[in-house]
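There are two complexes below, and they share subunit A, which is joined by subunit B in the first and by subunit C in the second.
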Partner chain A sequence: MRKKILLFIVLGWVLLIVGDRVDELRVYQGAQIAMYTIALASIVLLTGYSGQVSLGNGAMMAVGGYAAALTLTNLQTPIWFAFLMAVIAASLFGALLGAAAARLSGPYLAGTTLALAVGLPAIANQFTFLGGEPGILFDVGFPPERLGEDFTQYKWFFWIASSIALVALFITSNILSSRFGRTWQAVRGNALAAELAGVNSSRWKILAFTISSALAGLAGAVFAMNISLVAPGAYSLALSFALVTGAVLAGISSLPGVAFGALILVAIPEVADALAGRLGDADKLNNYLPGLIVSVLLILSVIYTPNGPGENLRKLRHKRKAH
Partner chain B sequence: MIRKTARKRTWFVAALLASAGLFASTLPANAETGVSSSEIKLGITLPLTGAASPGYNKIGNAMNAYFKYVNENGGVYGRKITLIQKNDEYSPQLSIAKTNELILKDKVFALVGPLGTANFTAVHKSVGIAKRKVPSLFLNTGFSGFASKKNYPTSFTILPSYAMEAKIVAQFIKENLTGKKLGLVYQNDEFGIDALGAFKDAGVKFDVSIPYTSGTQSAATAQTWVSQLAAGGAQVVVFFGVTSATAPLLAVSAAAKYAPQWILGSVGSDPLTLRALGVPVAVLNGALTPAGNPSPNDTSDEYVKQFQEINAKYNNADFDDYVLQGMNIGLMTVQALRAAGRNLTRAGLIRAMESKGSSFASVAYSPLGYSKTSNVGHTGYYMAVMDAKGDRKPYGGSVVLYTTDSAKGPVVKSNFKRPAMPAKGLPTNS
Partner chain C sequence: MQKVFETILIGLSTGSIYALMSLALVLVWRSTRVVNFAQAGQAMFSTYIGFEISSRSEVFWLGLLFAIVAGALLGAGVDYFFMRVLFKHANSGPAAVVAPVIATLGLLGLIRSFVGLTWGGEFKSIETPASTNGFTIGDSTIPFSPLNVLIIVTTALILIALAILFQRTNLGLALRASAYAPEIAQLAGIRTARTRTIGWAIAGGVGGVAGMLVTANNFLSPYSLDLLLVFGFIAAVIGGLESMVGAVIGAFVLGIGLTFILNYVGTSLVFIGGFTVLILVLIIKPDGIMSRGKARRA
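Let's turn to the complex of A and B:
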């Protein structure tokens, strides 16, 4: 435990230095990576550990984002309280969904969560207090003055997002290496065997949905902070698919891999931009290339590295050791 | 042993990340972002694809065509203009991401002609336009909130505000349609609420008032509007929304043979978008609309004629209101850059807009309001009537220009004569 705390402190310190040294675009992308890291951790917990497939994490992020934005706008609370409300709202919603999901499995569960990813953000269009299609501004305010004049807004976002990501990952990694993680793995491996051993698998599945949704909601609030906005279009189906791709690339049951998955998700538009620039007619290509890359990566990783490249590397290392 | 290996790994990761951070460096500073001795880089975000793209997707290319024309004729004090267009699909979050790219990655000197109220509100806040002191010229939105010099010190609008538009429509109703039962359908956000406030101030009371939430509207929704309007006996219906909402409203009304006198807001009456949405343009026949520019088909207008020639040579797009608007933003941008002088800086450009912007040549009939205390562009409209092809003619046969402000100022008929088009469409101002 002490080692883990030390590792997270060192990581935080390194991020602090890096944030000071890179230009603003990279700082902004760093905040996005932190957001995706939390979102991918929620999928690793749900799918990788408890074995439930969800294509609706974008919708959970929307619940968190809207809860935080409504708290911040209507109650003028401090930022941390808005994030807390995002966690509470999303986990409550997740518990409800989990209760329904515990009765489903495989493609039926995927289908239900997919419907949620399509339908839930669109609800905002129907209610004026949710801001309709343009959404609601999410204003966390300027960075504190004592940080200096040169301390930019994006660096402020980066600090907040990175701190939240580190704390969220620390808690998640402890949960996964505790009795919780082991029980979820048991349920995932063989629900019947787990039941025979006295585990109430439905209850554990609901718990996984609740905690995973809390993480997704937190990611949704961080996302809202990064773009200063919550809007239905921000939590699109494309986001849900990108998250699944990121999680598969990260290694669906590997928590340390989520940072790698997040990095790839942020890098995809950059790669698409560079590719489009080389292929000519950048404007048109740029519209479709990121989606194409996400889809191709997802297909390739499902075929060649179904548990993520991390898993393959680990197997390769074990093989070498065995020889 | 295990502990030692784990610790080693921890330190290795830490050292690797730290060194990556130390090697990463910021780019060297230059004289002014986006300006070199031979080039001025400008950026625009607009919907090139998606539901809102028909029409708007022509603006960037039209601006580019005009800039090509200027570049071939010596540029701006020898510097060529490069316009970078980014597709935001009319969504605020994409607008933010793309504006970030324009400012932080492409390092443009200024933004010109960004589109959409919600988009620019979000961009301004998120990207920190004012804090970065990035000039944002000729915003293509009429939201009167942007008229605040305090909140938007580096931004300048081009269109008259929705509040001005509503005040002018209110004046027109009072002068020409008194005694008729009035209906109003409006988008329930900054756009429509801006107008609603202005109607209230002008003392125009609506017998039927229908707010709707922004977004794609279905025929079923439009049916409920039409039922309410017809039940209320509205003889004149004012519509303040976007064309994708006008389309089902007019289509359903035509099918139900409900034919009030339509007064469509300037952004909700675009024939091209109606056609793209599968609604026959003929439904516009007889509708009234406030207009700022001459018809794009009016070749007797010196601006339209010159822009049509440039379009034919450099763009080859169907010449419509959007192409006209894009070319005009190009023309005004070049005047602003020239007015800022040879030693081009962001601060200098903003000063030039404030001190000389009101004298720029522009295709619209009304005066420009730029000054040290105002970042508002055009300040008036004339009422036009549309025909079955969606073309417009001034109501009553000749242009009667009304000017006003976004606050409580009066609506007045104006004899303002716009500056002449610069010779060959090439500004020589300084």
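Let's turn to the complex of A and C:
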């Protein structure tokens, strides 16, 4: 435990230094990476540990983002309270959905959450208090003055996003290595055996859904901060796909992997941009090349490294030892 | 009273299209135990092929024919080149359960980006095979049009053809047997792997028809069939995912129900209505309306 705390403090310190050394764009991307690590952690917890496939985590991010934005614009509260509201709203929503989901096995759950991911952003279009298509502005304000003159807005985002991500990951990693994580794995491995050992499997599934949604909601609020607004277009089906892809790339049951997955998710548009610039016809390529790369990566990794690159490395090492 | 009548007619037309999509999902689910989310992509690709043919030849039916062929080929290809490889590799560890679902999503994304790169994102519209102006009864015009009639008739013909195929032919028997008990079917000399690929091809063709019919009344874009997939899935769940008859009944119930919401409450609640139906069915009767008390297999 003490080691883990130390590790996270060192990580934070490294981030602090790195944040000072790089330019504005990289700082913004750093904030996005922090956001994705939280979102991917929510999928690792839900799919990797408790074995439920949800394609609706993008929708949960929308819930969190809208909750935070509505709190901030209507009540003029401090920022931390908006983030707290995001967590609370998303976990309530998640508990509700989880109660329905706990009865569902694989395909039913995936389909239901897919329906949610397709429909929820569209619902936001229909209600005026949610701002319709253009959405609501989300403004956390300027960085405090005591941080100095040349402390930029994006650096402020980066600071907030990374500190939230570090805390969220610390808590998640503790949850996963505790009784909770073990029980989820037991239910995933064999629900019947777990029931016989006295575990109420549907209650545990609902709990996993709730915690996962809370994390997703938090990520949604951080996302809203990074792009300074919440709008239906931001929380599209493509976002849910990207999250699943990131988690599969990271190794669906590996929490440290989320940093790697998040890095790739942020790198993909960058790579696609560079490629599109080289190939010409920018419009079509800009719109569809990132999706193409994401899908190809998803398909290749789900076929060849379904349990993450870590497992393949372990297998390889094992094979070498055997010879 | 007249409005109720109109709503039911339009609902039948909407339900027909849902029925085709949910049949495509059920066909694949029965044989492969995968809800094929890529079906939206396959249907969309077939519809783009149909769009190309029908806009060049200015004949809708030629486009429909090509959409069916393209859908069937793509469906067979997906099973043969994709699902077989997937089941060979991803069969152990924590990801084994979730791999097929995630893989079909990846495929949906792949087809969508391919279509986007080829045809671009702008809306396309298809040559309509019949007038979209409503019929006139007495001195009032109702929203029910010749196109709606055509949609219902086409769907009915396809349903009849499928019923004959599944009930009266050896291929249909093989399809049912290898979905019901693959090992026993194999022992009885049925080539289950090949039969499964044929099942995927039929599903792909049916999905292509659904795409063409829904687009005849609407626009085509790389995203335009997502909602159809969702409603097709809801219809399939109402029927229990397992039963083809159930899926068709579920689709008509859903189509008529949602049209009532559309006509009497407003557009904003259509999706919420569909989603509520899904949740209610899953909570109250998770095995669907056609279940006979048997435990759900999944």
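Note that in this section the second predicted complex is superposed on the first by the 313 of 323 C-alpha atoms of A that agree within 3 Å, B and C clash if a C-alpha of one lies under 4 Å from a C-alpha of the other, contacts with A are read in each partner's own complex, and residues count from 1 in each chain.
In the analysis below, a residue touches a chain if its C-beta (ideal position, glycine included) is under 8 Å from a C-beta of that chain, and two chains touch if they have at least 3 such contacts.
In this text the structure is predicted, and so the values were computed from the model without any measurement.
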Q: Considering only the touch criterion stated at the top, classify A:V199 as touching first (subunit B), second (subunit C), both, or neither.
A: neither
Q. Which holds for A:P134: it touches subunit B only (first), subunit C only (second), both, or neither?
A. first
Q.
Let me test your reading of the model: by the given contact rule, A:L289 touches which partner, first (subunit B), second (subunit C), both or neither?
A. second
Q. Touching A:I175 in the superposition: subunit B (first), subunit C (second), both, neither?
A. neither
Q. Once the shared chain is lined up, is A:Q126 touching subunit B (first), subunit C (second), both, or neither of them?
A. both
Q) Given the touch rule stated above, what does A:S228 touch, subunit B (first), subunit C (second), both, or neither? A) first
(Q) A:V14 in the overlay: touching subunit B, subunit C, both, or neither? Say first, second, both or neither. (A) first
Q) Looking at the overlay, does A:I303 come into contact with subunit B only (first), subunit C only (second), both, or neither? A) second
Q. Overlap of the subunit B and subunit C footprints on subunit A, residue-wise?
A. 126-127, 283, 287
(Q) Please output the residues of subunit A touching subunit C within their complex, sorted ascending. (A) 47-48, 51, 53, 55, 100, 103-108, 110-112, 114-116, 118-119, 122-123, 126-127, 188, 237-238, 241, 244-245, 248, 252-253, 283-285, 287-289, 291-292, 294-296, 298-299, 302-304, 306-308, 311
(Q) If we count contacts the way the header does, which residues on subunit C are in touch with subunit A in the complex? (A) 29, 33-35, 37, 85-86, 89-90, 92-99, 101-103, 105-110, 112-114, 116-117, 120-121, 222, 226-227, 229-230, 233-234, 237, 241, 267-268, 271-272, 274-275, 278-279, 282-283, 286, 296, 298
Q | subunit A partner contacts - residues on subunit B that touch it in the complex | A | 3, 6-7, 10, 13-14, 17-18, 20-22, 24-27, 48-49, 85, 87, 91-94, 96-97, 100-101, 104-105, 117-118, 121-122, 125-126, 128, 131, 188-189, 211, 213-215
Q: Flag every residue of subunit A that touches subunit B in the complex, lowest number first.
A: 3, 6-7, 10-11, 13-15, 17-26, 28, 125-128, 131-135, 137, 139, 152-153, 227-229, 231, 233-234, 269, 273, 283, 286-287
